[in-house]
Structures are given as structure tokens and as C-alpha cells.
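Two complexes come next, and they have one chain in common, chain A, joined by chain B in the first and chain C in the second.
Moving on to the complex of A and B:
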């Protein structure tokens, strides 16, 4: 019987082989090929030239045009992440305080849009956000503005639509942190003299931080690499890293440069996410250890 | 009016029956009172209304003569100890204990002294810099008590505080908590379903059933002179024998139960008709065959260490009996014996089905 609990050597590898092969085949290999591609050189006359050169990296890292794109993408992702925290945390709390049938029902309502393609949802937003769209008509109808607000082909519209697309990920993450919370701690805080707001900020929220952090990482990473929403709502005017990569690949046909941008985006994402993670985990060590 | 007073307190949840029904309770200053009852009897809801986390549907809570029914929980100045302790995992023990003082804007140096003092009270000196997850269950519980006491509340509310501790530790905490409560003279309400806990710690016990107080009295009174079959069977074990009152005299009633005519003392309350005769297992005694009040046969005999637990078949049905383990030779299973009791050990309680 002792054998049953100690697996044969190699069994874990054999069992995870299908998943590993899939992971290697569809993720690591293309990624490696992209990395190799980024060191090739593109020649307008002769196409892609094999070889090893850092010209593409030098071009992206020194050209102000690309700096703008990267900074724009970073700010957009930060903005979307901040909005998701701002809306997602209260939304989750409201959800958690609902009575039995309603909380489950509304969770489905919130997560439901994940079942619809991002492209379809984004096209929906572009209908709503157009100059003659529902939102602009309503705003002018009640007299808040006289001119239509430019949502389409602007950063504002992209951030609004991306926040909507990514909010469910934040809610799932905070929801799972909330499930682990001892529901009595808020009462404990209040019995010790803290108002409900103080009790939330000092007692409940710090314990939700792991959930907020993991939600933020997902939202940040997804919005930094988002393609459909910026390209449909932002168009050419609001160029972000993902759409710039697309343009290099399919419009300029400069694959090596596109690959370089993609690799740099990946690196930037990793640096920012790991850095923030470390920082927050160190600051709130006790919450994460529990 | 007494120090803490609950008047006609009622709580109805939408769609549900009344959880608490017109409950009245007076707690004197410095008194330790337990709300004892099975789950669903309304004891926790009552505590929540005292603490301010549940609004009474009707009725009032008075503290020091002042109606506090509408006051928010953070303004009530009550210390709470929760079943799961509800410690703040992201704060050290000292920060946990000091949280209430911080909310009261107490200067840091003064607060540090209070925190030390509170930790010393629960014998946790020097553990202030630990985090809750680094402590054992018993220590966490002490932190929860220290945190509630540090604010020097007017009332201490304990919501099943010992139920997560193992039996031995629980017993020790009962004694310690009681000593601490006496020493501080703090008015305390304990909610529990554990009768031993209620009896060891309380000045008075309020036995609750279906949203009302079924009986209120000292632990001795409630155990020894139960007012109802519910109180009797909820506190400790008891034998119930169906009987019928045949005659009521000045100080006692004659009750016919099976072949026995029992003379049962009563305290002036009227009883008649069908009654349940209650007798505690420790008040039934073993006697030699032919002696005692009733013959019987030992069905089972269990050794509990300090006690022997007997189940005896008799004309009055199966009766439970305990006998202290004093090293004597006691009857074995299958032996015929006699059962003996004294009249004053019997209680006749009317009005309830006698099959409890």
C-alpha cells in the first residue's frame, strides 16, 4: 500500500506531458521564433535578412515615436487598472452583501459578457460612443454638453471600453479574496470604535489586497497587450503597442521590427508586474502570508 | 432600573418567524450572565441587538438608564469577543489590542501602557510583536479577550468564545475568564450552547428557547429546580417518567407513576393532571435487590473514569443512573438491583409531553 502513495519516478512528468507539450508548442516555440525574428534585419528591397543585429532595438529605443506609443500604452493600462479597482472593489462588496439568490444572479450578469467576443462588445461600444451615438445624444439631450464629446478615436473611449471588458477579471479576483475573509472582522472593528468607513479601510480592505493585486496584474497585463479594443475604438489615431506591432507586421511588412516591439512589450510587462508585486507583497507581508 | 436592561426586545426577519419574542432581561453592574440555549433559540440575535449590529424590530436596550437602541455599535462602548476571534491578521498582537485605543485617539505612550496591561491580564506578556497566525488557538483567543478589555468597555459581550478550543483548554479558560471578570468587575453577557460553560462562569443563567427566556436563575437553581422540562433536559441529563397527580397537599403532591406513588415537594405552584416526573441520573442510587423504591435490572454499564453510567430497565422504563467511581464493587450487567431516591430529588413539571 505504501507504493500507492509514492508515485513512480517520472509519473508526474508523464502525466503533465500533454499540457507541457501544448504549452511548449503553442507558446514557447512561437515566442522563441519571435525573439529570433526580432534580431533579423528588414530590407525594403530584399525583405527579411537572417542574421543577428540590434538595429531594431536601437531604432525602437531611440525613436520618440515609439517612446510615445509605449508611454501611451503604459498610461492607458494604468488608467484602466485604476478604474477597475475603483469600480470593481465596491461592486464586489455590494455583490457580496446581496441576499442569497441575487448575489449569484448578479455575479452571472457581471461575468456574462465574458462569454461574448471582445470584438462584438467593442463594436457595441463604438455604436454607443459615436458622435450620434446613444451616450452623446443623451448628454446633449439633458444639456450637459452642447458639442458631442469625442469618445471614438480617442483615449477616453478606449479606456471606457477596456475598463468594461476587463472589469470582470478584477471582480473575480476580489470576490475570491472576499470569500476568505472572516465576516466578523468588520464587526470587530466597529465594536472597538471604528466607524464603518474606518473599519472598512483599516480592517477589511488590507485583507482584500491580495485579491486587488492579482486582479490588477491581470487587468494591467491584458490592457497593455489589448488589441481589439484600441484598434476598433482608438483606430489609427490612438496607437498603442499592440496596434503598432500589428501595423509593422501587416502594413509595413517589417516583421523584425514588429517582433522587436512585441518582445519589448513583453519585457516591460514582466518588469512592471514583477516589480509591483514585490513591492506590495513586501509592504503587506502579513496579509499575503496568512 | 438595572445597569443593562432589555425591554420587550423583539426581532423579526422578513419572511421568517420571530427570532426573538418580547425578551426582558435585567443585568446588574458587574454581573456575569449567560444566554444559554440550542442553536436557533435567538441568543445570538439578542447579543447582536445589545451590541448594535442588529436593530430590534421593537423593544429597547437601556444602558445605565439611557436608551441605546438607536445608537451605532461603535458608539456603544461594548467589548466583543467573537466565536472565530475575528483578529486582524495584518496587524500585530499589540496593534490588534491597541486598535480600539487608536480609534479613541489615545496618545501613543498611554496606549502602549494599556496594551501591556491588557496583554498581562490574559498572560500574554511579550507577545505584542507577533502576528495572529503565529499564535496557537488558545493564545488567539486571549488576544481577542485582551482586545475587547483594552478599551475598558462598560459591557463585555462574549459570543460563543470558547467553541473553537479543545475540551481541556476550554475548561482552563472558563476558570481563568471567570476570575478575570470578577477581578475587573465587568458586566458580562455570554452567549453559549455549552451548559458546562454557562454553569461554571455565570452568576445567572438565562435558558432560552424559541426567542424567549424559559428560565432565569443562578446555575444551581436552574439545574436543580428547572422550571420546565426544556430547561431540565437542556441542562445536564435527566430521566423523565410520565405520571399523574392524584392528590395535592400543602407542601407536596402525590403522583402516581407506574407502580410507584411518589410524594413530590412543590413550592406552592399548582400542578394537576398529567405531569412529567424528572430525576437526575446522579440522584438515582443503586440499592440491594429488594431494597430501595423500585426493582430493576442493569441493562448496560459504561465506565466514564470518575463515574459509572448505568442504564437500568424497570417498571418505569429505562432509567439512567450514575454512580461515583469510589473503588467499590458495583452491580454488573444483567444483575437485578434496587433503585432508590429521595422525595426531594424528584421534580414534577406539568404541561409538557413526558417523553423528553
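Moving on to the complex of A and C:
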């Protein structure tokens, strides 16, 4: 232990000082400026007025227009999270049951799209989901529907595309939980006479739950703040928090109001992530301890 | 649960096939429609052609955005990697009060929505007179991608054998020499992997950058977003195909240096 022999209490801070300096200058200061901006007032004629006022917060928290945007965003994120659990958990279990080269290969195929630009993935969905797109042609071809289903510029299309974009995060979380799981436990359950369904529900699933929950937090938080996909697939018809913030900043030019929405989104994000992590740790302490 | 066979029934394999189809369908379709010989996106089309790939070369705004994104990603990934190495050493090698907090701070950009960062950087750039500054944009990207560089560097440090380092030190090598000649070469795969992951994340970033991009600092994803917001034409599909192909090459490189499953699942 070269370091322990000559203990210098300041060393770790000195080593991380360059990174911390960058964080203060290029992260903390801009965020603080945004918080200040959210208390300023916007005047259509004179622009941003300095001073402290809660006008913007009052407006966002009382105006039904903004309520709708926040509720729409929340419901969309819940839907996406539910679909990611519904489709992601079984797929991760199937992956875990595959033979060695196949599980690794398909894991890469399924998680690889994370590294491809979200604009590209969304473009793919906008091509697939169009009125003359492959999906509508197929649905009409086999006679499920006679009129093309409106996917583009609808919540349905946004949820489908976002589920595709965020599914890998659910798979990662459940996969990590599975790696910690001892296969012997499942065998023990079965050797003691439990059917495979019982052993799954009573033995495997409870141990997966922390993974499913942390995956759900990530998926929910990311879909609540998603911008590119709701913007391209949903357009102006499906306004969510991120696209509303964008519009306030670059179309209405009401920066203080945009900053207020952004700060509220950040706070909601922190509350959800920190709160749920606490809950998981408390609720599942026994599971991890055991 | 690995290494077992025959546990997936045919129903599970059918589900798996549909799932993989769902995952790769939008990427396949983009590549497919970029080979159209028509003026618009349509499937099926009659003749395949390279015309839209050639058309990229005649679109100066796409070409310049591509180079800007490349240099931006190169610069920010390099800054991130250079800052991540000493920070990772501090976190992996020292036990000190505030260690958890330090890690949490350096990882915090992952928790902040990019739309919020976009708003914050736009305000910051405007007040500081940095609008349109490539260097300032590079620093903001560096902050965003530091967590990725840090994670893989940390994994490399934690996974390595400390005996070698101690041997070098006990043989009288100076701290800096030990670092340069022993530690750095050993953790290089992790640093290189972190650099590549940071490069990809910076290159792909769109939500934050769209707020601060000026005509002179329009990145490729922002240029593509702007174009798609107007119309989706085969040209943008061709650009996307090139990006998919480029990402595949980087994925192979990442797999060679640190192992792709490790990068993707965050496994130590």
C-alpha cells in the first residue's frame, strides 16, 4: 500500500480537484443561474426582469394548461415503465436461461442500440409508424383495421417508440439482479417439490424485484424528461414537459417560465430517484442481508 | 443461472424472436429505406441505389455538422478521460470521509435530465458571452460524459493486481514513474474503453446541445433533428445508416478493448 504508508489526507481531493473544478464552473454555476432565472419575471415588452418573484411557480402550479402537460408526461412515463417491465423482465429471464455464447450475443444485440443515436432510432419508428408505413400496411393487409391507425403525432406512437428506446435500461437492471442470484436457490425450491411456476413466483421473482424496481425508476425518470422522441413522433400535438420547456425557451422566448418548468422537472427527478432508492434499500434490506 | 441448456421452451424462443425483431426493426428499416432510388421514403421500392449516400457528399451542412460532432466528441472525451483517471485513482485507492459524496458528485450528470442541462447551459452561455464558442460547448460535453469515462476507468483500477504497483514502489520507483510506467499501462484498456464510450455519448447527445447550438456549432444529431422536424427524406435515412455502421465499428473496437457486455451492463 504505497499510499497508506504515507497517508496524506488531502491527496484524494487534490487528485479529483481538476474534475471538481470543472463541475463547479460548468455544472453548478449554470444550474444556480437557472434557479435564479426561474424567480425572475418575464415581460413581453422588456424581456427578463431581475428581482425575486414566485410568479412563474404560481403560474405553472395553478394553470390547468401546465397541469395537463405534467399529468400527460406522468401518464406517458407510467405507461412506458409498465411496458418495459411487462416485456423486459421475461426477455431477461429467457436471456439468462440461454447457453453461454447465445446469451452474451443477444445481450449485445438488445443493448447495442443504446449506443446508436436516439434521433436515428426515433427516425426508424417514424418510418415504421407512418400512415403508409410498414406497420399500418401490415395491419390493413391482414384485415385487423381498414383505416390506418394514427401512430404519428399521437401518444400511442410516442409510447411505442419510447418503450423501444428505454427497454435496454430495464434489461440491464434486471440482468444485474439476476447475476447476483444463486441458481442453487431455484434448484433447492424445485428439489423440495415446488412446481416451476411456484418456485419462480415464490423464490426467483422476489429476488428480482429490487432489479425490476431500480430499472423502473431509471425508465420512468428518463421517459419523464425525454425530448427527441416525443418531439419527433408526438410533434406539437403531444406536448410533454421537455417539449414544453423547449417551446418556452426557443419559441415563446419566456426564459424564466421555461427555467421554472426545468427546475420543477429536476426536483421531481431527484425526489423520485432518491426516494425510490431509499425505499428499495429499506424494503429489501432483509433480502440483501440474507 | 448461466450455462444451462434446454430451459427455454419453444414459446419462450418465439417470444425472444419477436422481442429481438422489435428491437432491431427500426434500425433495419432505416438502413433499408436509405437504399431507395425514389425521391421520398417508401417501402417497398423498385430499385436499390446508392444515390442518397452520394447525396450526403453534396449536403455541406451535414458534412460540416459531422466534422464538428467528431471534433467535439474527440475533445470532450479526451478531457473527460484525462480528468477521470486521477479521480478514479482517488476513489479506488483511498478511504477518506466524503468518498461516497465525491463519487455521487462525479456521477451526478447521469441523474440530471439533459433538457435541464440544456436550459442551464443556454442561460450560462448567454450571460457569460460564450454563445457559439466551440470550446465552451466541449467543456459542457466533457461534464456530461465524465461519468462514462469514470465508470470504466474505475472498473479497470478495481480489477487490477496491486502487487505490481507495490513492487515498483518498493523497488524505489518514484510515484510519478510508478504511475506512468506501471499503473497507466495496466489500466489503459479501461481508460481507452471509457474514452470510446464518452466519445459515443458526446457524439450522440442531442437534447442538451439543441439549446446551445448556434449556426456555427450545429452538431450532427442537432442538424438531423432539425431536418427531421421539417421532413423525413431518404437523405436523412442514408446519414442514419452511416451512423449505424459507424457505431457498429466502434462497438467492435469497444468489445476488443474492454468487452462490450461489460460496457453495456456495467459489470465489473
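Definition applied: the second predicted complex is superposed on the first by the 264 of 290 C-alpha atoms of A that agree within 3 Å, B and C clash if a C-alpha of one lies under 4 Å from a C-alpha of the other, contacts with A are read in each partner's own complex, and residues count from 1 in each chain.
Following the convention adopted for this analysis, a contact is a pair of C-beta atoms (placed from the backbone, for glycine too) under 8 Å apart; a residue touches a chain by one contact, two chains touch by 3 or more.
Given the structure is predicted, the values throughout are model-derived calculations rather than measurements.
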item	value
Which of chain B and chain C A:47 touches, first, second, both or neither	neither
Partner chain(s) touched by A:195 [first = chain B, second = chain C, both, neither]	first
Partner chain in contact with A:275 - chain B first, chain C second, else both or neither	neither
Partner with the higher number of touched chain A residues, chain C or chain B	C
Which of chain B and chain C A:12 touches, first, second, both or neither	second
Touched partner set for A:203, first chain B, second chain C, both or neither	first
Residues on chain B engaged by chain A in the complex (per definition of touch)	51, 53, 72-80, 82-84, 86-91, 99-100, 103-104, 131, 133, 147-148, 151, 157
Contacting residues of chain A [partner chain C, same complex]	1-3, 9, 11-13, 15-16, 18-20, 22-23, 25-27, 29-31, 33-34, 37, 87, 90-91, 94-100, 103-104, 106-128, 132-134, 161, 164, 167-168, 172, 175-176, 178-179, 181, 183, 186, 221, 224-225, 227-228, 231-232, 241-242, 245-246, 249-250, 255, 258-259, 262-263, 265-266, 269-270, 273
Interface residues, chain C side, partner chain A - complex	1-5, 7-8, 12-13, 15-16, 19-20, 22-30, 33, 41-43, 79, 82-84, 86-87, 89-91, 93-94, 96, 98-99, 102, 105-106, 108-109, 111-117, 119-124, 127, 139-140, 142-143, 146, 162, 165-166, 169, 175, 178, 200, 203-204, 206-207, 210-211, 221, 224-225, 228-229, 232, 236-237, 240, 243-244, 247, 250-251, 255, 260-261, 264-267
Touch list for chain A against partner chain B, complex	182, 184-185, 187-196, 198-199, 202-203, 206-207, 284, 286-287, 289-290
